[in-house]
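Across the two complexes that follow, subunit A remains constant while its partner is subunit B and subsequently subunit C.
Moving on to the complex of A and B:
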């Protein structure tokens, strides 16, 4: 945490209210976000208990699993979840605009522009907190390798039809959430923490109820007291008034309310089974329905406060105007959504369990680029964020006191004006350090020449580009006396790193080897290569993963298994998710 | 509940599955264990001391046996003793295996899943710290047995993917070992803490009134940090104390490190406002940086256009139009 943000926290401690960290909103909020509040069974590896999901804050859809250990009920829950989420995703998939994308021509190796579709908008998914994002990822992982009866008639426990597809989408959203600055899948706590500093620690800030209490105390009183109430207040039955935002539920709730309700459900189901068609069957059916309704009511009581809190958080965030460069980052999210839509439509297999070396390196590089870009863009969009960079000497604001025309010493002299600036900031400038300013949204660079002798805070920089081709600089490209300009020592745009070799050109340590039959069979899709290699004819014979089922081995070996189905997870009598 | 069921499943059948996994990951070229020939000594005894002695004996026997017959020994729930702050603590690892070459290996069985060969790092970290304490306690026993050595890697057994089939991974706990060793030597002895308390202080929940208990707890000094909230039931109490004392640690350990000699919220804010604090020089680098930070923050907040002022001061007071405008 930088000192300026620490100071904001301390101010919040003193005032009892959260203090702003930004003056604009640095993330896109969709007009119609899909909010997803999942609940999971505490102590179990992540068997879903239920969820509230929907785009309408007044009428969320409640999905529950009455007995989390029952596979059929769990599959029914996942099928309902797919019913709730997939139509929303689909509704964005066909609204497209033409766009251009750079691609490498496979034959000539030249960069060519290709006309492609780009979705006009992308569906946004909002969860309450970071464990919620992890849960989305976990759900995605658990579903994408399931097989439906249609894909594989022999599969022991076939999944409902659209469940594997939902798994692929949730995996994609979970992966995208790791890209700094992306807004496809966001946690409400992360959003609020980016924009406000509370008077508590980062750890306590993960509590959505307490966080909201600091930012917007319900009765306008002290945020600290309201946060304490949100953390600890319990009702007569010992239940938290502000239940945890999940996915794990409060142990007191599990033990005192949920466990008895599930036991009653189990007993009702047993007696219904015992009654069969006898005279008591109707009565037992009624009992089962009541037990199920009771569980639904209990889960709703835990999820609904979180649901309302997420929407309240979104209201608070909408009051901030969107930062100027947020749209640029959102465009990248739209590309990401469109790209995955295309992969699904072209029938590619689900994302592999492990990325191959090239894909992993690419992902890492792109996330680093995105992080640097995000930091630069936030500082340019927001004076309060820029203040932090000014404090650390990475940026400065200077008033132009003098402009002297000068020219480069080449054959065709180009303008290299010297600008003298007055600044109270203390940028860390060395000789010929490059500095940048934003000119009509594009970066203009200059280099540091020196400090004016005798004059305190007088700096001289030489402009080096964006002044046109002529001898005289283009109009408006050179600052005038009296202008106040923000300069940064960091670049505004991030260039991607060098191109990485394709999978076929990497050595065996990285998914190759070159010139061997098995590697050539890997589809060019890159992300698929990891699994395809393992299931391919050559490698598969040497290195048999232990989970290969007889059905896989019986598949006739084809010379080019371009799109093999990845191996499903091992399935046992009792398993989760 | 699932944890117990999973542990029972892993150890079922005389530990066949567990030893198969262990041999696969940490066999070190030893002969694979043959089901039925694995020694599973009975460790029941009266009282914790008895169980500790029984465990030590079993370990000694297993190590002696290992030298000749190349047998594997599985100790299920052995009991170990370790001195913590001057008083004995009893530890019960899930299992300890003695390899035919006489090496002792700690096995930790956990119920969180290992998905695609990776598990939640925080949970793995907690398991590694826990296992390191077992290794430490075992080393005390091994020091008295010739030919015995405790492996500094432990075997972590978890459910694989979403099933309840076990899978295992070797976790190197050398780092956790040295940290635990250091912490154990630095702990204040319980006798010393007790000696510093006023005469007659008691923490007996049944005999003391709430007021007496509060006074007793307050008599012990605490170094609160937000991390305590996840681990200690008294954390809310300590947090309340730290907050009312204005300690900056309540905001996180990192914050304290950033603020140098300024240890209270009041002192930091006073320094930021340009007031002098007794004991801290005006040209202290932290004070200078704080003043600049305060000035920059104020300047940036002032530059926000009028309409946003309400937002930056605290939301809720923005006219409705502003909200509608964003939608």
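Moving on to the complex of A and C:
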């Protein structure tokens, strides 16, 4: 944690109220976000209990599973969820604008510009907290490999029509959420924690109710007291007044309210099955409906406070103006959405269970670039964030006190003016440390020359670029006396990483190309001599060496080998946008 | 356990042991049947010497080769060493397009050709560059051979980007130093054999477990006082020895102690090879002003007191100069604070840097600001085995640690709690254990702080 965040937390402790960490909002908030509050069953992996979902805060759609262990009911729930979410996603898919994208021409190998569609906006999904994001991933994983009767008439347990498609979208959103600065799928707690510091621990900040209490205490009183109430206050039935923001529910709720209600539902269902027909059956049907309604009411009582809390958090965030460079990052989210739309439309198979070596390396590289870019952009957008970097010596603000023209020592001398700056900051400048300032939105670099002897706080830097081609620097490219300029020691833009080999060219150090069994990949690092690999066995592993095959090691065990699984789809550049 | 007895040393000829290991490595590299050879090298075991020798022998055998190092300083150092050993050997230095991409000293070496384009260097016997630069090389004929230096500090994804450039390779590195890291989470790939955030060697061996693995058995840098501790604490299953005996190295000071804490810890370190200057227990910010000024004072006294070092390289004692002293810290802001404090005392020329940047470097004396000094907690970052190992293994004569009291208790309150990831090889020893081992040894050389 940076020093300024520690200070903000100390101030929050002292004042009993959360302190702002920013002056602007550093994430995009859609005008019509889709909020999704999922609940899950305790002790049962991937068994949803219910959800509130929708774009209208006054009337969320409540979806429930009366008996979460009944897989028919579970898939009915997922089908309902698909009906709630997919039309929203679809509604953004066809509103496009023309855009250009760099692609490699397959014939010439040259980089060419291609005219493509870019969605004007992208649908945003908001969940209450990080476990909510994990749950979105889990749902995605559990759905995207299922087959519908339409896709495969012989499949023994066909999934409802749009369920696999929803699985692919949720997987895409879950994966996109790992990219720093992206806003397609956001957790309300992450959003609030980015913009405010509370007086509690990071762990406690994951509690949405307590977090909101620190930021905006209901009665305007002490945030600390309100947070404590949010965490601990229970009604006379022993139920939390502010239920956990899910997906896990409170054990007291599970034991005292939910379990009896589900038992009653199970009994009602059994009696209905036992009742032959006539008035008995009607009565049992009524009982079943009542039991189901009871469960719905219970789940609504748990999810609704969280639903309202998410919207309240969004209200607070909307009071902050959006940072200048947020739109730039949102454009990448739009590319990401458009790219996945295109892949779905072109009939590509779902995302593979695991990334291959090349995809994993590419994703890591692009996320590292995104992280560095996010940190730089937040500091450039926001004086309070910049203050944190100044405090840690990574940036400084200086007033120009002198400009001396100088030139580079080459055949065609270029301007290299020396700028003297007065600064009270204490940047960690060493000999020839590069520093950057923003000039018309583009970075201009300079290098540190030295400190003025005797003069405290007088620094000299030499401008090194963006002054045009002539002998005289371009108009406005050299700062003037009296200007106050923010300089950073970190770069504003990140160079992209190197081009990685294609998946088919995965080298022997990384197990060779994936999916090649036996002949090709097996002797990857083994003896070079001999004819291993020369003979091509038809199928299966004939020439497997005695040690474990690298290719086999690389592939995780398949959880359900009997299911007809589609081949992993190729990864395209859009995946990294 | 920490002192090497005479009888223990009797049957051990460090020179012969090291030569035997080197011969086996070179044989596998030149004549072996495998595409890769892995060499584990403890600190100061002659890794660079091995790389240079292997390069020269491969070149002599008519096999053009590429050398991959991790930093520009390492590349320049290797090129200089190659030119020193074989002044006529055509060597290429592939460099970036940045201004001043390489050490200007290379301009004085006639057989070294420098270029930012790999094509310009085609046909040279040896071409050396950083992994980052090699990753951008495309459309060239693959080299038959490569040497990958500091392979344990190279990330798996960096190897992925360059592995297509060579057919077979010698991987050399120190497994005890800092692991590569990523600034973003990479948990989703943990356990995959090709986890892009793991080290290049981890991925290589996961896919090619049959590759021959060697290790260098002798540290020529670490003195007899340090090798047993570093070996026990950081390399418990691959022990190594020091190449010199207890009497081979001497550190003396002309000016007698003034009785202050810094002077007494300097004397303790001169006599025993280790010194712990202990400040009173206190929770502090990272740039603890008292600890920082204590570090600066120790450095100043080291240089003021007319130090001289003598060792196996020659009978003549050499004066202890600023460039033979280094200060190691865990964080960059700590290094910056120490630099400022040294400048305030008028001390110049001492290398002050973080463990990450001191990796691979060697000094006569190091002064270390303990990573856990003054901290309220012990995080995975501060407990990382490699960080302490780097800081405790840069010196030829002595290492002085400056630390606040109470770190053993802090460790006991913070056992490592990193989640266990399926499929990930657990590294031994863990940082918690290694920290305890080093601290209990340092406790025998403790000097309390009195200005």
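Note that in this section the second predicted complex is superposed on the first by the 507 of 577 C-alpha atoms of A that agree within 3 Å, B and C clash if a C-alpha of one lies under 4 Å from a C-alpha of the other, contacts with A are read in each partner's own complex, and residues count from 1 in each chain.
The working rule: a contact is a pair of C-beta atoms (placed from the backbone, for glycine too) under 8 Å apart; a residue touches a chain by one contact, two chains touch by 3 or more.
Worth saying up front: this structure is predicted, and the values here are computed from it rather than measured.
Asker: Under the stated touch criterion, which partner chain does A:510 make contact with: subunit B (first), subunit C (second), both, or neither?
Answerer: second
Asker: Once the shared chain is lined up, is A:202 touching subunit B (first), subunit C (second), both, or neither of them?
Answerer: Only subunit B is touched by A:202; subunit C is not.
Asker: Figure out whether A:31 sits in contact with subunit B (first) or subunit C (second), or with both, or with neither.
Answerer: Once the two structures are laid over each other on A, A:31 reaches subunit B alone.
Asker: According to the stated criteria, A:459 is in contact with first (subunit B), second (subunit C), both, or neither; which is it?
Answerer: neither
Asker: Which touches a greater number of subunit A residues, subunit B or subunit C?
Answerer: Subunit A has more residues touched by B than by the other partner.
Asker: Between subunit B (first) and subunit C (second), which, if any, makes contact with A:354: first, second, both or neither?
Answerer: Both partners.
Asker: Under the stated touch criterion, which partner chain does A:367 make contact with: subunit B (first), subunit C (second), both, or neither?
Answerer: second
Asker: Have a look at where A:178 lands relative to subunit B and subunit C in the superposition and call it first, second, both or neither.
Answerer: second
Asker: Applying the touch criterion given at the start, work out whether A:10 contacts subunit B, subunit C, both or neither, answering first, second, both or neither.
Answerer: In the superposition, A:10 contacts subunit B only.
Asker: Which residues would you name on subunit A as touching subunit B in one complex and subunit C in the other?
Answerer: Common to the two interfaces on subunit A: residues 3, 354.
Asker: Residue numbers of subunit A touching subunit B in their complex, please.
Answerer: Spelled out, the residues of subunit A in touch with subunit B are 1, 3-4, 6-11, 13-14, 17-18, 20, 23, 29, 31, 43-46, 138, 141-142, 199-204, 215-216, 220, 224, 231-232, 315-316, 318-322, 353-354, 383-384, 386-388, 390-391, 569-572, 574-577.
Asker: What residues of subunit B sit close enough to touch subunit A in their complex?
Answerer: 1-3, 111-113, 115-116, 159-165, 226-227, 229-230, 236, 243, 246, 248, 250-252, 254-255, 258-259, 265, 268-269, 272, 289-290, 292-294, 296-297, 299-301, 303-304, 308, 311-312, 314-316, 318, 322-323, 326-327
Asker: Would you pull the subunit A residues touching subunit C in the complex into a rising list?
Answerer: 3, 178, 180, 354-358, 360-361, 363-365, 367-368, 370-372, 392-393, 428, 497-501, 505-511, 524-529, 545, 547-548, 550, 553-554, 556
Asker: Per the contact definition, I'd like the list of subunit C residues that touch subunit A in the complex.
Answerer: It comes out as residues 33-36, 132, 135-136, 138, 156-157, 159-161, 163-164, 167-168, 182-186, 188-189, 192-197, 200, 203-204, 206-211, 285, 332-333, 336.
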